[in-house]
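Below are the structure tokens for one structure; questions will follow.
Chains: A, B and C, in written order; residue numbering restarts at 1 for each.
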Amino acid sequence: MIFVENLNKKFGPNHVLKGIDCHIREREVVCVIGPSGSGKSTFLRCMNGLETISSGSIVINKHRLDDSKTNINLVRQEAGMVFQHFNLFPHLKVIDNVMLAPLKVAKTSKEEARAKAEMLLTKVGLAEKMDTFPGNLSGGQMQRVAIARALAMDPKIMLFDEPTSALDPEIVGEVLAVMKDLANEGMTMVVVTHEMGFAREVADRVIFMDQGRIVEEGTPEEIFSSPQHGRTQGFLSKVL
Amino acid sequence: MALYFGDLLPYSSLLLEGLWTALYITLVAMLAGSALGVLVYLGKVGPGKPLSILCTCYIEAIRNTPLLVQLYLIYFALPALGINLEPVWAAVIGLTLNNAAYTAEIYRAGFESVPHGLREAGKALGMKPGQIVRYIILLPATRNVFPALTNQLILLFLASSIGSIISLPELTNAIMSVSNTTYRTIEVLAVGGLLYLGVSALMSLASKRAETTLFRWAVGTHV
Amino acid sequence: MFRPFEWQDLIPLAQGAWLTIQLCAVSGILGVIFGLILGIARTSPSRIARWISTIYISCVRGIPVLVIIFFVFFGIPLLFPGLEPDKFASAVIALTCFAAAYVAEIVRGSIEAVAKGQSEAADALGLNYWRKLTYVILPQAVKIMVPPGIGFLIGLVKDSSLVTVTGLLELTHAGNIVTNLTGDPIKTFLVVAGMYFVICYGISRLGRLYEKRTGVHVDPLKLPEPAGI
């Protein structure tokens, strides 16, 4: 599904990603953990072209991201993205936030887009908030809308960039619950997160990144119970 | 000297007609100028290098020269090139071109004030740059600079008085011609000044009202 | 009867530009002085002072500069018989009236921006109003007045073109006269526009330099709008 080979990313003199190799299979849930500044968000953002690649290759569903002939917008339709700060469109009602891309990008009919949006909002438990503007929602509700918005394009992969980091602790759970449902339905997911509990419970595989490299990867059991690498041990001892 | 306003009464319709001309020229120049202004801004930040330089030069040239000189160039200079313009057209074109440069800068501030995340969210949904501008950025940007835009409308209304110098029959022109026929200079300037003041105060009130009704979505949001 | 535009025509234009600069310098300085007083009055604890300055500022900002110029030029001799200021003095009075109102708005904006956090701190130290203003608020406010002040100065230079209606031989009027001699408004007014551009662009460069030197950059959206079109 996703093949990453020798991925390098530089911001000027900063070498942020130093040769990442990674393969993510269909229906797999992968959690990427690591200290801040380890490059995990950049890695995720490379996967839908929000960051350009300095060298190496990423292939998503047979689309080569490093090929300039690839229509990046097609890739983005197949890889939905959820941001740390939600990035809901403030001037559109909740339902219109969800309907915008189906209408303008996928060019579906209005009725179809609306039915789909209602279905998705019901799924994330926000059917009654359809006609509210995002400014009137709590953080947890906004993030659930953002998830519904990403799902509206029928993505084959969902990318989550620290989806709960901007939320108050008591409402993290409602977002994680939605994500868990999604994982159980068999969505391929890459989740950059600080929620170790979620990673342990839901992930098929955990990747630990530090200083622009994948230091260690394995099942949650392997990573959390018997981390092999010193840096992984150090990191986990601080956060657990 | 004694002030006497009675002599002005027969000329009230002349003054009101002048006010009307000033108003519709302002509105036309505001609408056309803001539309042109967005295009100039987009041209400036767009990928085309020559276009970008052209737009920057345009903005700087307009913003660093007086409107009166711009009007002179349009009104007196174009006939020398064989293009004859009625004062109304010269004023509308001059104010529109002038306004476009200012609104382009206002829109620059507005677009820059929209959080980068919104653009990224649009990209991540597979939207094209044009769609992102049109469906995602334009409205929040407009809201953020709405006070600046309405202030520009008032400035434009006041600037329309400069049209009187190229013999456009707007309010200031009417004021001066009434002054010349009645010799009630102070009185007619006072009445005219109050008309300008009243209309600009109304515009400012209306824009505050419009801001709350147009951008109801923004209540409680900080965009 | 017309002769072509020649190099010698630059001389009256340059003289006009010099008069424009003098006019703006004098009315700019006077405008800043009165504007500071008005702006401080606008934010003062005295209700009367606030009222008077508010009314003055709103009136001037709601009336076209051209009408103010007419008012001063025709009105002063009528209202005060015997008092007949010359053209330069009338122009200075008119532009000062207008400048003061705009400077006052800039002063008010800057004082309010600083006062937000600093005022309470100064109150807590027991400083009275004038001490607070002179030792705490104004020194900081002056810094952030400069960028919008630059915008105001450019507006003043542009608006000074309107005193051409009084017949004062500043840059725009010089342009009119040269046009009458040469019958070539295009060249003449392009040169005139170029001279205004040099003056205004020069001022805005100074502003950029100041921003670079001090690092003071104030959000253009949060400030009172610069004067003039």
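General observations
Throughout what follows, contacts are C-beta pairs under 8 Å (C-beta built on N, C-alpha and C of every residue); 3 or more make two chains touch, one makes a residue touch a chain.
These numbers come from a predicted model, not from an experiment.
Contacts with chain B and chain C are shared by no chain at all.
Of all chains, the one whose Cα centroid sits at the greatest distance from that of chain B is A.
Summarising the inter-chain contacts, the pair of chains with the most C-beta pairs in contact is B-C.
If each chain is reduced to the centroid of its CA atoms, chain B and chain C end up 20 Å from each other. Annotation: 45 Å between the Cα-based centres of chain A and chain B.
Averaging Cα coordinates per chain places chain A and chain C 54 Å apart.
Remark: chain B residues 1, 60-61, 63-70, 72-73, 76-77, 80-81, 98, 102, 109-110, 113, 144-145, 148, 151-152, 154-156, 158-159, 161-162, 164-165, 172, 175-176, 179, 185-186, 189, 192-193, 196-197, 200-201 touch chain C in the complex. Of all the residues in chain C, the ones that touch chain B in their complex are 58-59, 61-67, 70-71, 74-75, 78-79, 81, 154, 157-162, 164-165, 172, 175, 179, 184-186, 189-190, 192-193, 196-197, 200-201, 204, 220-221, 225, 228-229. If you check the complex, the residues on chain A that touch chain B are 48-50, 73-74, 76-77, 79-81, 83, 85-93, 100-101, 104-105, 133-136, 146, 149-150, 153. On the side of chain B, the complex with chain A involves touching residues 115, 117-118, 120-121, 123-128, 131, 135-136, 139-140, 143, 215-221, 223.
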